[in-house]
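Each in structure tokens, the structures are laid out below.
Next, two complexes with chain A in common: one pairs it with chain B, the other with chain C.
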Partner chain A sequence: MSEILFIGLSLSSILLLIALGLSITYGAMGVINMAHGELVMIGAYTAVISGIYLNINLFLALPLAFLVSAAVGLALEKLVIRRLYGRIIDTLLATWGVAIVLQQLIRLEFGLSFFGIHIEGLGPGLQNMNVPSFLTQPFEIGGIPIQPYRSFIILVTVLLTLLTWFLMYRTSMGTQVRAIMRNPQIAAACGIDVKRVSAFTFAYGSGLAGIAGVLLAGFKTVMPDMGASTVVDGFLVVVVGGVGSLLGTVLASALLGQINGIFAILTNDILARAVVFGVVIAIILWRPRGLFAFKSR
Partner chain B sequence: MKSNRRSFLKTSAAFGAALAAPSLIPGRAAAAGEIEVGVLFSQTGGLSIIEKSLADATLMAIEEINAAGGVNGMMIKPIVEDGASDPKTYNEKASKLVIRDRVPTVFGSYTSASRKAVLPVFEKRNNMYFYPTYYEGFECSKNVVYTGAVPNQQLSNFVPWIINTLGKKKFFIVGSNYIYPREMAKVSKILIEQHGGEYVADEYLELGHSEWGAMVSKIKDSGCDVVLSNVVGDSVVAFYREFKNQGLTHDVLPICATVTSEIEIAAMGAEFAAGSYTSFPYFQAIDTPENKSFIERYRSFVGDPKAVTHHALESSYFQVFLWKQAVEKAGEATPDAIREAIKGQTFDAPNGKVTVDPENLHTYLTPRIAQWGADGQGTIIEAYDEPVQPMPYVAYGEAPENLFCTAGGLDSSKL
Partner chain C sequence: MSQSKLFKYGDWGIYVLFIVIVLGLPLVMTDVFWLNRIAKYLVYGMLGIAIALSWGYAGILNLGQGLFFGLGAYMVAMSLKLQSYTSLQQGSENPVPDFMLWNAEPGAPTELCCITSGSWLWLPFQAQGFGMAMAIILPVIVALILSSAIFRLRVSGVYVAIITLALVLLVRLLIIDAQPVTNGFNGLTDLGWLTIGGVEFDPYLVSTYYIVAVSICVVLLATRWLVSTRAGLILQSTRDDPNRSRYLGYDVAAYQVFFFTVSAGIAGFAGMLYVIAAEFASPSFLDISFSISMVVWAAVGGRSSLIGAAIGAILINTIEATASETEMFQEAWKLIIGVIFVLVVLYMPRGLAGLAEDLAGLFGKSRDSGRTRRAQSSAPAE
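And now, the complex of A and B:
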């Protein structure tokens, strides 16, 4: 039984990892960022490439990927999204386009492959990231087998969630972000620099996606279109949890992860996936704004 | 407004006529001294990683044949089309090659989905298609020459070897959820029962699924002593990684796979597969001068000193030579003549002797088992003495003395 719960917990932590960044960008700015998966992908590639060229391990790749993805997110915000606030369908299309551009940049090695130049670690092929061996060797504590890599993901996710909570609820920047989430016009009227705060928020959310990418690279294949499938799960969590609610995002990923884990063990993964989608549909029908949506006044 | 619309109608009618015109004019004939053939693989999209290597191997074979004087003194001119990893595009491009370019043969396809999509074009227009990939069988077309392995050529030595040599009797069969792994599982079960083993489970995951936590945990609790994997694509990587992360090792509970090739091993990192087994007719590790030279030539052809070769790639290469021999024997390059002449053609491929079966147009291949090492290369630890007869309907009871698919077509009363 503890093993089933552990699998569920591990699935939940991966969902939360992807959804955390998304809940900030989607929740704070109402931007449906279709390129979020590509920011995850960029994080994964940062880990692969820094492993090949700088020979640094997973732990150093985490902050590096945060910075790279945050920088890409910041550029994306300044060049594209800033001009489209309040036009939700347009941002959806624009960020989808950006997603395709980012995928192709990696696949075509920034265009260099046209000139016959090949950069190791890029291109259309499958890549992998080295994981330190002490994270792949399971060990036992008191007769309970511990999987170090999955435990590590859970740990990082918990730390990131706490950090995000602290930033959002215990700093003046966070207060400004929450004010913008509620009502950007009134926030601006109160003297908040909405553009600046939004840009930083978006960069932070993107950086979280980068960290998710590094951790996913440890057990998934790294390839240019790896982001597309992960982002779907992220949106499910955000929508179920309620847009803009950190608590909602945490609980929704815990719920969906456990449902997925339990059904996958009892029946099979294909059915478990269908059940998860069924639960999501039921929740949205019952509470269209998600479990923990705040009330707008 | 009125005149505008009239002129619009006029121009569009003229445009329509212009569009229709090419189909009325006979297709452009190849220049004298040239034979045109189609090369139809995905150059773009998700499958391009692997399919580009198949296209490269095909083009390399064509270049080598041309350098040696061509076919009956004629140069082969490849017309390369992009299937774009999309069966519908495959169908359109196949129609273009067959109807407009009037090629007598097309080399192409990696997935069964793309082969099934082009099949009607070749059957209706009575053209020839050469298909290089291992696949699930259950097909009998007189317009396709199949040069990859069918299930009996991957499993007929593998399952008995697992039971008798490895001494493993309890199988956990796992695969991606589509037709190839399901047909492979059917054949495996027949063989497992014949040889006195048993299977404890037969489980599937979605194609491309990368969350293996629950499945590996099931494998752990199932009491099996060997895992027979028909998992394909990037799921393979996630599977082997999770397997190790949950503390399973290949020396106690080996993964015996039918799809895990050099490409997947390179993608996952060799240490995750070290000690596991795969069954294929061709491995890069085949230690013959012919194969060494083949790998060398392929690497210099694609300009990548670390390029890997694999089963479907090798079939893409040698099938062009089988085709060349057929055209030379027939003396002409028409689909009907090629089909008649290819029957029984034999060629010394990098993996050894290959022969096209005169009945079902599949290919005799030599099954081999390799164990993966920490360097990402296999060591061939078991090989059949001779090529094995291809039987695409073995899951439904086909046997050498009771063939379902013959030159006359499929005997569907036997199914």
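And now, the complex of A and C:
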């Protein structure tokens, strides 16, 4: 039983890892960022490339990937998303285009492959990230086998969630973000620099995607379209949890991850995912605003 | 509607021009390989029409249109699979799909009734007409149930998009999981040809092209007529302000359900034609990227113009096919198309159709019509 719960917890933590960034960019800013998966992918490639060229390990790659993805996110906000606030469907379409562009840039090695130049670690092929050996050897505590890498992911996810909670609810920047979430016009009237705060918020959400990418790279092959499949899962978690609710996102990822884990054991992986989608549809039909949405006036 | 006469005629002129080009193409293009390709892109054009109808005119963004396309495709593919020569060679009197033999339990009888669990579902598809009818009936029924639930519960805006997206993913997984009935990931391949009244429609024949070409023209004119009827006008009013329409006494949900279902029926029909031209059905029809691509084609062509969306879909796919002749350019083209999507959303939200209207407005000095059109087409953001 505890094993099933651990599998569910492990699936939940990965969902939460991806959804955490989205709950900020979508929840706080009303931007459906289809390129979020590509920011995850960029984080993973940052880990691969920094491993090859700088010879640094997983732990140093985490902050580096945060910075790289945040920088890409900041550029994305300034160039594209800034012009689309309030047009939620258009953000979806434009960022879908951005996602394709980012994928192709990695695949074509920023266009250098046209000139016959090859950069190791980029290109259409598969890449791997080295995980320190003490994170790959399973060990036992009190007779229960522990998967160290999965536990590490859960630990990082918990820490990031706490950090995000602290930033959102205990700092003045977070208060400004929450004010913009409720009503950008009134927030602006109160003297909040909406543009600046939004740009930083978006960059932070993107940076979280970068960290998720590094952790995913530890157990998945790294390739240009690795992020595309994750973004939809992340969205469903955020919508089920309730837009703009950090607690909702955490609980929704726990719920969906456990459902996925339990049904994967009862039936198979494919049907388990189908059940998750079914639950999501039912919840959205029942409560379109999600389980923990705030009342807006 | 205060449209100038010039614009009105120009509008119909584009329809006539489109139909003449589509029907006259085989006279100019003698390469059957390319004709078959264009037939597939005309099917995509039909999907563009379906998207424009639900998104542009009803304000309902369906990110799961691939579901209806896929259902239509699978229904007719099941019938054509049974007509394939491979299905006749499995050592039984009646045709049995080859993949069922690979999935059968040892000792199972080689009969459609019971070779694999669920294979009996294929029995009625021995009649080709059944498959063809179901290709439209099944998507319509699914759309009717789905949209009734969505719109009666007054789910709106982006939540509709998320529900349809989750549903298309769900059905895709079910199809992949039901390997003994659907051949899972591999889909249905090696299909037979469509046969009507003893005439076989080889996908590389001009007559098969005409089946698709005539279909898209009929669908285009029928939807154009539909949106100009009273129901179409009420629909557009529900798009612009659902609450006001509700207060005026209209049953908003009924109109939304009707047009959502029509759009799904067109997508199912398109799926059927695609299988006839392309000779396969696969779960990739239900991929998210395909459903979103349809929306993007419509956005590039003009989300609130039926013919614009159709032309957008056909144009993008034709250019893509030309570009992918050389391998290096194929990847570069994807990059370019990504940039185009972003630029169109940012700077040309009304797409090619909007551009054409503005140009027509400049020439005809009838800027009023352009302005009223703009007011109409600015669909609510949420």
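List of remarks:
One rule holds for everything that comes next: the second predicted complex is superposed on the first by the 297 of 297 C-alpha atoms of A that agree within 3 Å, B and C clash if a C-alpha of one lies under 4 Å from a C-alpha of the other, contacts with A are read in each partner's own complex, and residues count from 1 in each chain.
By our rule, a residue touches a chain if its C-beta (ideal position, glycine included) is under 8 Å from a C-beta of that chain, and two chains touch if they have at least 3 such contacts.
Everything quoted here is computed from the prediction, not taken from an experiment.
Of the two partner chains placed by superposition, only chain B is touched by A:N130; chain C is not. Look at A:E3: by the touch rule set out above, it reaches chain B but stays clear of chain C. Legend: residue contacts after superposition of the two complexes on their common chain; A:Y149 is shown touching chain B, with no touch to chain C. When the two complexes are overlaid on their common chain A, residue A:M223 makes contact with chain B while staying clear of chain C. Contact with both chain B and chain C is seen for A:I270 once the two complexes are overlaid on the shared chain.
Touch criterion not met for A:N183: it reaches neither chain B nor chain C.
Comparing which residues of chain A touch chain B with which touch chain C, the overlap comprises 124, 268, 270, 273. Of all residues in chain A, those touching chain C in their complex are 32, 34, 80, 83-84, 86-90, 92-94, 96-101, 103-105, 107-108, 114, 124, 228, 232, 235-236, 239, 268, 270-271, 273-274, 277-278, 280-281, 284-285, 288.
Touching chain B in their complex are the following residues of chain A: 3-4, 7, 10-11, 14, 116, 118, 124-128, 130, 136-138, 145, 147-150, 218-221, 223, 225, 229, 261, 264-265, 268-270, 272-273.
Contacts from chain C toward chain A in the complex involve residues 61, 149-150, 153, 155-159, 161-163, 165-167, 169-170, 173-174, 176-177, 288-289, 292, 295-296, 299, 328, 331-332, 334-335, 337-342, 345-346, 349, 381-382. Within the complex formed with chain A, the chain B residues making contact are 46, 48-49, 52, 177, 203-206, 208-215, 217-218, 234, 237-238, 241-242, 244-247, 263-264, 266-269, 303-304.
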